[in-house]
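Here chain A shows up in two complexes: once beside chain B, once beside chain C.
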Partner chain A sequence: MRVDIFLLIILMAAAIWTVMTRSLLRSAIGLALSSVILAMLMYRLGAKLAAVVELSVCAGLIPVIFVSTISLTEPLTHKEVLQQMKQRLRRFYALPIMVIALGIILSLLRFPPPVTGISAEGIKDAPSVLWNLRQIDLLGQVVIILCGVFGVVILLKEEFKQ
Partner chain B sequence: MNLFWLYCLFIILLFFSGLYCIFFTYNLIRALIGFELLIKAVTLLLVLAGNTNHQLALAQGYVLTLIVIEVAIIAVAVGIVIGLHQHHQSLDTRQLRQLKG
Partner chain C sequence: MPALFILIPLLSLMLLNLPFGLMRRLIYGWGILLCLAQFFSVIYLPLGLWGRDLGVLAPFFKLDLGVDNFTRLMLICIGIVSFTAIFLVRYLILEEGKRFNFLSLLFLALIGLNGVVLVEDIFSLYVFLEVVTVCSFIIIAFSRRPDALEGAFKYVILSGIGSMMLLAAIALIFIFSGSTNFIELSAAVKALPHNWLMNFALALFLSGLLIKSGMVPFHGWLADAYTAAGPVGSIFLAGIITKTVGIYALMRVVIAVFGFSAGLIQVLLFVGALSIVVGALLALAQDDFKRMLAYSSISQVGYILLGFGCGSAFGFIAACFHLFNHAIFKSLLFVNSAALEQSTGSRDMRSMGGLAQKMPFTGITSIIGALSAAGLPPLAGFWSKLLIILALWFSGHFLYAAIAVIASLLTLSYMLSMQRKVFFGELAIGMENIREARFGLLFPAILLALIIVLIGVSAPFWIKL
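Now for the complex of A and B:
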């Protein structure tokens, strides 16, 4: 339990750092760090297959996409960054205070015990769910990936023509 | 407070951080990063629900679907952001007031 609490606190700290940091690049790195910690939590909860996919896709692929985007778009000059820094701090300084206050308020509330023991037959492991129960979903996922790929190709087509 | 509600508490806080980021930023890339934080909170909630109900296999199936959809959405959104930057030379949402492509 202590490890879970420690990981949850680090996850929250990484999320706040991701939101509050000035540099977009650091923000993308913070997001990757959040994904790594989330994968560790998922592994501790027993979702090993999902943890591996989270680690490889969300901590590996998505930060690369973000870093590529940041490098393709013009970063701000040092002067502009300094000008915007005060404004940014003014907008985001409330986040840690609000998170701590919300955490304290929610932890004071008394919740009922969670509902457990809903039975489902024929479900043994994740691959059997995916290949036996959710074949149509898999087809849908393939279509979604293709839509994503073609969407990016169409959006960037104009640049290739130029 | 047991571990289930502790996880729920941190999931709510994570969701709140992502929502705050989306509401208070003017940068499109940072808004996408906030959206990612929202999805991470939902992912953790799905796994926690599966763990609590002893249906981790089903929860993992949902999480895999969620990750696939997340990657596709981010890829398309990033393409839109790059396209907008090419047209307007800016990622500030205050300067993007025209809906022409």
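Now for the complex of A and C:
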């Protein structure tokens, strides 16, 4: 339990850093770090398959795509970076305070007991859940991927040609 | 059997994207056929056939879907609006490659919309809502003009916040119910009537869906998105997407899972009334034809929410009727907008005038759509608005009934103002050489106008209070 809470605190810190940091590259690294900690939490809670997916896709693949995209953009000058940083601090200074306050309030609240018998460990056969019980969601995921493919073709391919 | 509404468009899309030239030419006709098949099968298919499995395909597809009359009504709306949009693609997107890509996108949106109305599971509902959201984003940004990209960006950000709220609500609900199925969730909600966390989940869910439907005060993205999307995109977005993604999902989840409570009824009525009034006032101030229609959409969807917010069966039926009517008359008005834009090259109503002389069919169909939206008898919109007002009156919400009546006058004033600026009076300077829109743009407009008139004229014979 203490380890989980420690991991949650680091997760929050990483997430806040992701939003507050002045460099896009650092944001991408912060996102990857958040995903790694989330994967650790998932593993500790027994959702091992979800942890593997989180680690490989969200902590691995997605930051790589982000970093590749960022490397194609023109970096800001030092002066612009400082100006942006000031604006960002002005805009988001309340965010860490809000997160901490919310955490304290939630820890003081008395939550109703969750339904018993739900645990990721109870689901032994994740593939059969995906292919049999949640097939409609899997189909939805396929359609979302197709949407992404058409999005890239429609919005980026022509631009690239030009 | 309902699975076919998802599987057929998906399999056809995959086949049509095979690298053969013939496939590219088939997509338009196949799209039209698919929408007509959806429309007629929902109307004529005997109820007994809906429950049948997929036969030889049954072992491969175990899709948990369900159909009731509300679903069937939505499938009909989706069929009609998709038919209109796909029909117009041929006349409004002239480049073959772009047309093919756009049609593929409409196929994907059709799958998403059918999925949203057919699923009986709150997480599956979320998945298909996301399918439609991603499609909407690409539809808005399709032209890649700066305003289109800005509209799409606003939509992505606000819709992303809405999605995050939905997902958080689903997680909370799952903790206390152990399931995501509508029936089991409903039982869990009944077992925990005063659970504040469940109420918080409901609040998150409602807020997420109100953002996606563009209701006041979450309407910031809607006008920009509708205006920036191309003519076909606007028809699809205004005609069916926001209604299915926002209002249908909200109505379905409230009915199937949470049920009505006194607090929920007050929230729905307040948001509905606020949207009606704010939407109508904003529409009054617009000079851009499409922007005016976008704000009008907010106002009209407010009526749907007001009817549903009565919390009675009568109110629900009235809301469903107005939802159908709005899908039809708003699609018609956006078709008229496309015709005007193509003929005059502008959407600014200040530069138009007297166009009824030059574009009589567009003018007449536009009057039918506008008067139906304003709720004038004997058009379809009159009956649905009347039912909503009666439902409010019978359920004791007299103040909201009065707001609905007064806001109807506001609708009439901005619709008549639009007619006066665009179609009546002296012919505006520079409009002498304007010609009536092509048959391809007139045909769906006439068809939609006929539906409005037929439903309106026949309504007294089949409405039984």
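Keep this in mind: the second predicted complex is superposed on the first by the 152 of 162 C-alpha atoms of A that agree within 3 Å, B and C clash if a C-alpha of one lies under 4 Å from a C-alpha of the other, contacts with A are read in each partner's own complex, and residues count from 1 in each chain.
Following the convention adopted for this analysis, a residue touches a chain if its C-beta (ideal position, glycine included) is under 8 Å from a C-beta of that chain, and two chains touch if they have at least 3 such contacts.
No experiment lies behind these values; they were computed from the predicted model shown.
Comparing chain C and chain B on the residues of chain A they touch gives the larger count to B. Of the two partner chains placed by superposition, only chain C is touched by A:Leu139; chain B is not. By the touch criterion defined above, A:Val64 lies against neither chain B nor chain C after alignment on the C-alpha atoms of chain A. In the superposition on chain A, A:Leu8 contacts chain B only, with no contact to chain C.
Using the contact criterion defined above for the overlaid structures, shared-chain residue A:Leu82 touches neither chain B nor chain C, since it reaches no partner. In the superposition on chain A, A:Gly151 contacts both chain B and chain C. In the superposition on chain A, A:Leu95 contacts chain B only, with no contact to chain C.
Touching of chain A by both chain B and chain C, each in its own complex, is seen for residues 111, 114-115, 117-118, 134, 137, 140-141, 144, 147-148, 151, 155, 158-159.
Considering their complex, residues 6, 10, 13, 61-65, 98, 101-102, 104-105, 108, 111-112, 115, 119, 121, 123-124, 127-128, 130-131, 134-135, 137-138, 141-142, 144, 174-178, 188, 192, 195-197 of chain C touch chain A. Every residue of chain A that touches chain C in the complex is listed here, in rising order: 111-112, 114-115, 117-118, 132, 134-137, 139-144, 146-148, 150-151, 153-155, 158-159. The residues of chain B lying in touch with chain A in their complex are 1-10, 12-14, 16-18, 20-21, 24-25, 27, 29-30, 32-34, 36-37, 40, 43-44, 47-48, 50-61, 63-65, 67-76, 78-83, 85-86, 89, 91.
Interface residues of chain A facing chain B in the complex, by the touch rule stated above, are 1, 4-5, 8, 11-12, 15-16, 18-19, 24, 27-28, 31, 34-35, 38, 41-42, 45-47, 49-50, 53-54, 57-58, 61-62, 65-66, 68-70, 72-74, 91-92, 95, 98-99, 102-103, 106-107, 111, 113-118, 120, 123-126, 128-130, 133-134, 137, 140-141, 144-145, 147-149, 151-152, 155-156, 158-159.
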